[in-house]
Amino acid sequence: MRLPHVAVEEADAVDIGIIGVPWDGGTTNRAGARHGPRQMRDQSTMMRNVHHVTGIRPYELANCADLGDTSVNPVDLLDTLKRVEEFYQGVHAKGIMPLTAGGDHLITLPVMRAIADKSRPLGMVHFDAHTDTWDRYFGDYEYTHGTPFRRAIEEGLLDPKRTIQIGIRGGLYTPEDKDWGLEQGIRVVEIEEYFDLGPEKVGQLAREVVGDGPVYVSFDVDGLDPVYTPGTGTPEIGGYSTHDAQKMLRALRGLDIVGADVVEVSPPFDPSGATALVGVTMMWELLCMMAEKVAAE
Amino acid sequence: MRLPHVAVEEADAVDIGIIGVPWDGGTTNRAGARHGPRQMRDQSTMMRNVHHVTGIRPYELANCADLGDTSVNPVDLLDTLKRVEEFYQGVHAKGIMPLTAGGDHLITLPVMRAIADKSRPLGMVHFDAHTDTWDRYFGDYEYTHGTPFRRAIEEGLLDPKRTIQIGIRGGLYTPEDKDWGLEQGIRVVEIEEYFDLGPEKVGQLAREVVGDGPVYVSFDVDGLDPVYTPGTGTPEIGGYSTHDAQKMLRALRGLDIVGADVVEVSPPFDPSGATALVGVTMMWELLCMMAEKVAAE
Amino acid sequence: MRLPHVAVEEADAVDIGIIGVPWDGGTTNRAGARHGPRQMRDQSTMMRNVHHVTGIRPYELANCADLGDTSVNPVDLLDTLKRVEEFYQGVHAKGIMPLTAGGDHLITLPVMRAIADKSRPLGMVHFDAHTDTWDRYFGDYEYTHGTPFRRAIEEGLLDPKRTIQIGIRGGLYTPEDKDWGLEQGIRVVEIEEYFDLGPEKVGQLAREVVGDGPVYVSFDVDGLDPVYTPGTGTPEIGGYSTHDAQKMLRALRGLDIVGADVVEVSPPFDPSGATALVGVTMMWELLCMMAEKVAAE
Amino acid sequence: MRLPHVAVEEADAVDIGIIGVPWDGGTTNRAGARHGPRQMRDQSTMMRNVHHVTGIRPYELANCADLGDTSVNPVDLLDTLKRVEEFYQGVHAKGIMPLTAGGDHLITLPVMRAIADKSRPLGMVHFDAHTDTWDRYFGDYEYTHGTPFRRAIEEGLLDPKRTIQIGIRGGLYTPEDKDWGLEQGIRVVEIEEYFDLGPEKVGQLAREVVGDGPVYVSFDVDGLDPVYTPGTGTPEIGGYSTHDAQKMLRALRGLDIVGADVVEVSPPFDPSGATALVGVTMMWELLCMMAEKVAAE
Amino acid sequence: MRLPHVAVEEADAVDIGIIGVPWDGGTTNRAGARHGPRQMRDQSTMMRNVHHVTGIRPYELANCADLGDTSVNPVDLLDTLKRVEEFYQGVHAKGIMPLTAGGDHLITLPVMRAIADKSRPLGMVHFDAHTDTWDRYFGDYEYTHGTPFRRAIEEGLLDPKRTIQIGIRGGLYTPEDKDWGLEQGIRVVEIEEYFDLGPEKVGQLAREVVGDGPVYVSFDVDGLDPVYTPGTGTPEIGGYSTHDAQKMLRALRGLDIVGADVVEVSPPFDPSGATALVGVTMMWELLCMMAEKVAAE
Amino acid sequence: MRLPHVAVEEADAVDIGIIGVPWDGGTTNRAGARHGPRQMRDQSTMMRNVHHVTGIRPYELANCADLGDTSVNPVDLLDTLKRVEEFYQGVHAKGIMPLTAGGDHLITLPVMRAIADKSRPLGMVHFDAHTDTWDRYFGDYEYTHGTPFRRAIEEGLLDPKRTIQIGIRGGLYTPEDKDWGLEQGIRVVEIEEYFDLGPEKVGQLAREVVGDGPVYVSFDVDGLDPVYTPGTGTPEIGGYSTHDAQKMLRALRGLDIVGADVVEVSPPFDPSGATALVGVTMMWELLCMMAEKVAAE
């Protein structure tokens, strides 16, 4: 977004930090999300200064900076989780709210580890075609892009009762796949319910579920219909439109957002950059709300 | 769909057979559908085991097998029609319900010839941008991908009064193009009427039109808007979405479906495979309903 | 559209002339629209003879001809504006209504200069994601694809009070960007209002705004959602669908349309030709209405 | 090549006619060559007026015209062969030398039928990865894009002893595949021999083989390495370069060329148009030599 | 290659087994090679029965079968190495020579672990732009696609003095990058030397280096110029052509080849399949030589 | 190339400055080179630290920095020429040698205006398919991407007798097109002569032509065969390979190079980035030689 690039160590006056996590080592099928941050940076030059609906001018309300990409280790998943967590601990210690460009969805876990206060776990508004609350993969692998929120709930970072998932769909491996989350109290809005209710009501429902506590917004671009975001690893047909996603995001205005991410943009599957442009526009929506919160404090 | 491949001759215990017809010799403009079955097989590895809405587990309800591709003759249309018909006669004789991946739309004709009982012609739910009930092409050629259902009605295979066509649109060569079908009693839902009614009502209408008799479901991917299925030979802008197509298909649950196909997936016009993924997902919807019927018998 | 090609000088009996303007010298970011007319000519072979909804047969109602492309000067903007204006003056002098395939949006300005009667300025129905009423670019450049309608209003060619803009969206550089047009009296339908009203009401609103006077219809393909028209220079996510654009266009039937264009089709960003097919279909809608007007006179 | 379009009936003063044959019904695997003529017309706007090596200015030496596309019948192979033959008979009767843009390679057969004088069969310089002298396909189909020259020799149109094939390669179905041609006396330059000799010697060899009699030049773009011509139906890796093909073509200067074609350009497999640009450049080389011959007569 | 698919357990009569390893977890930059085996299977339908130069008919000389893909674990590198090694141990125990379709280059290491006899280490003819003999990556990660042959030499599987690497090029991180291999005695043919010598002499040199002992042939498609194989993870401009690679491979005829692979085909970076077609053709060359060896035993 | 970004004003210790000129306003046909600098920056992350043939380590020999992009004015050619010239004057005043990423070829003119000493005009080694010494375009437009070197010679910036052009080819509009340069004394190596001589002799010839004086190296990527650089505005088939271009560049080692550029990389025509990777690699070759010169001073 043509923001100044600032190293974390020197980022003392920054309120909101945009961070890339160029990693897809948790991806089980079509890798490529490691290239997402770069392509989103490219497309972000098309963003402007004033939100055309709300009139918010984020760069006047908050100090925003591009904090660059975290270090990752493409051949070691656990080491990457540690590196990302440490990077975000540094960001969090400076009082900077992170707005992240992924990377696959597993990266949300180390971010939450760095910024969540276990005495007051995070609520979450989660846009996705998949619940990402599976347990194990391939026998006994507990960390993949299908498991971050199971882990986050088990670790006490995320409060399932203040979590809503919007757009879930696609065939299941077993019928148990979606039971665990429901048992924890997650409000799962499958795509059929989404289409019945429409974006306004779902946006309102999200506000109600997360309430007044700290909220994380995690936007997996595969929640959208793949015609909008073909460049992603696990496309599922039959999702919502970009316009309706924008409506739902705008409904979150005024919540206590403490961090957000846009994940699973995978440039090899969309060299045109259209998917990245969508991802960046969603980041712009998030940035405006986060800046408004900064200004309100 | 990761099904076992079984030769027809050995397919004694099979209830539902998935068959490819790699042929586009009836295509007058942009050929390529001959490659559809292969790309759909590729994409079908993304399908899973349980239907996320209905909870149907087709592989537990019915014996499903991949019966491979029919023989075709790329340089002789009439010979191909004969080869395909003979293949399906073999399938039908074993009591297997065919679920076909095309191929251009002409292939539905020999399938119907093999499975229809003329004393009780088939009803049909037909998703398409075109009626495919033209008479002749290029003077006196009676077999092209624009004529199969004219032929099927003339041959007594298809009951026009129990036939519904959903999504018809696009300019016409002559105003007479659409009159013949209406005169036979086909219920034509042009795209404008579709948008006025919405998918639920159109799904209900389809149930009423086809009634209790044997039904064939023919899904031409060009009925969808070309943003969902760019890889097809005759794209017409302004169609329905994949989600709404799924809704309409699910409305057919419980009908006496005796066969189905998904046709006109043309990989050369969509190397990304998105169109094939859509086609496979529609086959998955059909498979679940067909398996449920098997279990109910 | 498989029309006969006729030179303007010899076009005495022509009622409606289809003209290409292969130029993108007013484009500030992603050039390519200069190739739009050619790709639209290619795709236009898919058009047919009878409008499937209205039943209009334009080639029977009016003499239609392809008048070829205007001369342009790729390295001199002002000279190009002059060449295009002169071409259209010749067309106008013959009593031919122009239906134009762009080119970037700046080309509408010289067209209006040639056909507008300043004593009775044009009304306009303008489909676009951008108002194109900016003032200056890059200090003091008054002619870019972001400024044509500011110039047209200043020059008295266009009546802002009879102008409606549909689909405006995207971040702004400054909040003043959209004020000028509103102050002139333009009816701006931002995309959020569009989605609230729906295409029928917006079509009706357009009729009311432009009233009985002469009307120009300018269709920038970036007003559509970029999933329908990825091949354009300034995509903005979250637009309308092709079907809904068709509905709005059909709502204009019976107005006093004196010229129309479809602009910003940029083939380098969509080699598949899907965007051009959309553009051509919109031209087909416009052609049918223009032919009906010819017949009514 | 920006030539005037002239109908055959009116082409009295034309020396060289450029003709498209938009047909691929003889293609057994990847169809698409039916779109070749159109894409080559598009790319031909990049050609200029003077040959940069020989200095030939073809448009000053001969009357050249674009005679349009022949009629074809996409669903009837034999009817198409007849239509194409009749078109070329008309061309030949006017004393026009045809330079053809295919289409698949079967189209050369009806062209030869129209222009060959059986009392003095044609010699041929044939650039290709395949001999196209197979006998039958699929049992007993005698006409496919793999058989035209077997038929032409059998029909007495083509003199095998004055025929050279350059670039043959690729695995064989049976070892007999290449024996027949050798027995007839065709000089087959397999790709290995080509690389050993180099383009100058092969060009010289071609002159010797065809001698002084009438010569047809048939240029299948798959003779080139597929990096130069990815847009073709049967790519075989390991061919010659465009530069070396140009060298070989230029070596044919002064021969009694009576017709030529460039075939198997298949746009769906190369939307960028690079293959068509190569095809057009080869046509330009042929045109210059043919014009020189006209001027010499 | 249209071979029968046989499970390893049942592969008693098989001489040569074609195996896919769908894995790219050792890739540090552009992943995607995990999809290579599938795309190569698709393209392999273009292969035929007789080698057009040597006349070898591999399927008559040896029993060839497709043994399917090995199991892999996309989120655990060490576990994958173990799974692949075990699979190949099973293959080796049956006396089957493996011909592998990768996957990234790290997969050659577990293959060698399974088939090498440490008392008589393998020689290797290695086609590549990179030596893949780096030591560590990212601090202390010893297994990536840049390190397999360092490990293989250290483990005593590979004899560096009987190893030749052909086509090495590209900038270096440090000058030490290429020293280690030279010190071990590897014969490194950098691309400049390759172009000076030409493919015949380099082929001869390869024969001399590997001598009479058991030889493994490892063909990384990035050794070719990226115009031939754009679909690969680490393209380096300025490589050899496919034709010259074929020449070098054919020069290996008669060596004691005990296994071979073609690796680093990455479909996401070449949806056209051209790279996979090249890969398959190289496998065909290898298969013919391996079959000849079987027949000679 | 992962270099530090430094503003010109603060670039006191810099020896070699890498500069982008994102402009294609001099392009008459296929625009897009304005996006070249960005894509080359992306691809440059694949470059490393040591030249694999010469062993040069440029970053140890010279202070290298990325000076960012010049200002341009997309809608005013003359203003852009002025802005670029001023930027390079600032660079030159600091004693920094410029290495430029274009942009279309016209940009070389303002660079030469800024750095040439008219008392001692520049020699030039010019790689290109076109001479770029045309006079006027479109009547009387003297500045396009086809005219920079005519202007540079007329202005006394460039010494035609110390200028060599390598790879010229393609049809001509008039035979006079190439006479002017020859009359001035330019040594034009047409592509046919290039292939006769080979890269070593042409490299040697270049050294002789430019001699000891100051030399500018201008590398238009369309000099290469378009299979290597499809992403360019005016592709001409039949050029040299990347490897041979590298050989020719390396032959220039030791000359008094005072500036260099790589131009006409046009990303819209090659979204894969392959062309940009080639462009960056040529910049790497130039950088190494320029750094060596710095160290020698």
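To keep things simple, chains are lettered A, B, C, D, E and F as they appear, and every chain counts its residues starting from 1.
Just so it is clear, contacts are C-beta pairs under 8 Å (C-beta built on N, C-alpha and C of every residue); 3 or more make two chains touch, one makes a residue touch a chain.
The chain lineup, named per UniProt: A, B, C, D, E, F = Agmatinase.
Treat the numbers as computed from the prediction; the structure is a model and nothing was measured.
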| item | value |
| --- | --- |
| Common touching chains of chain E (Agmatinase) and chain B (Agmatinase) | A, D |
| Classification of the chain E (Agmatinase):chain F (Agmatinase) interface as same or different, half of numbers criterion | different |
| Identity of the chain that, by mean CA position, is farthest from chain A (Agmatinase) | D |
| Centre distance in Å when chain C (Agmatinase) and chain D (Agmatinase) are each reduced to the mean of their C-alpha atoms | 43 |
| CA centroid of chain C (Agmatinase) to CA centroid of chain F (Agmatinase), Å | 40 |
| Residues of chain B (Agmatinase) touching at least two other chains | 29, 227, 269, 272 |
| Chains grouped in pairs wherever the two touch, ordered by label | A-B, A-C, A-E, A-F, B-C, B-D, B-E, C-D, C-F, D-E, D-F, E-F |
| Touching residues on chain E (Agmatinase), where the partner in the complex is chain F (Agmatinase) | 29, 168-175, 177-178, 190-192, 195, 225-227, 230, 234-235, 237-239, 269 |
| Of all residues in chain B (Agmatinase), those that touch chain E (Agmatinase) in their complex | 38, 42, 271-272 |
| Parts of chain D (Agmatinase) lying in touch with chain B (Agmatinase), wherever the complex brings them together | 24-32, 34-35, 73-77, 137-138, 141, 143-144, 268-269 |
| Residues of chain E (Agmatinase) touching chain D (Agmatinase) in the complex | 46-53, 55, 57, 227-228, 241-243, 246, 272, 274, 277-278, 281, 284 |
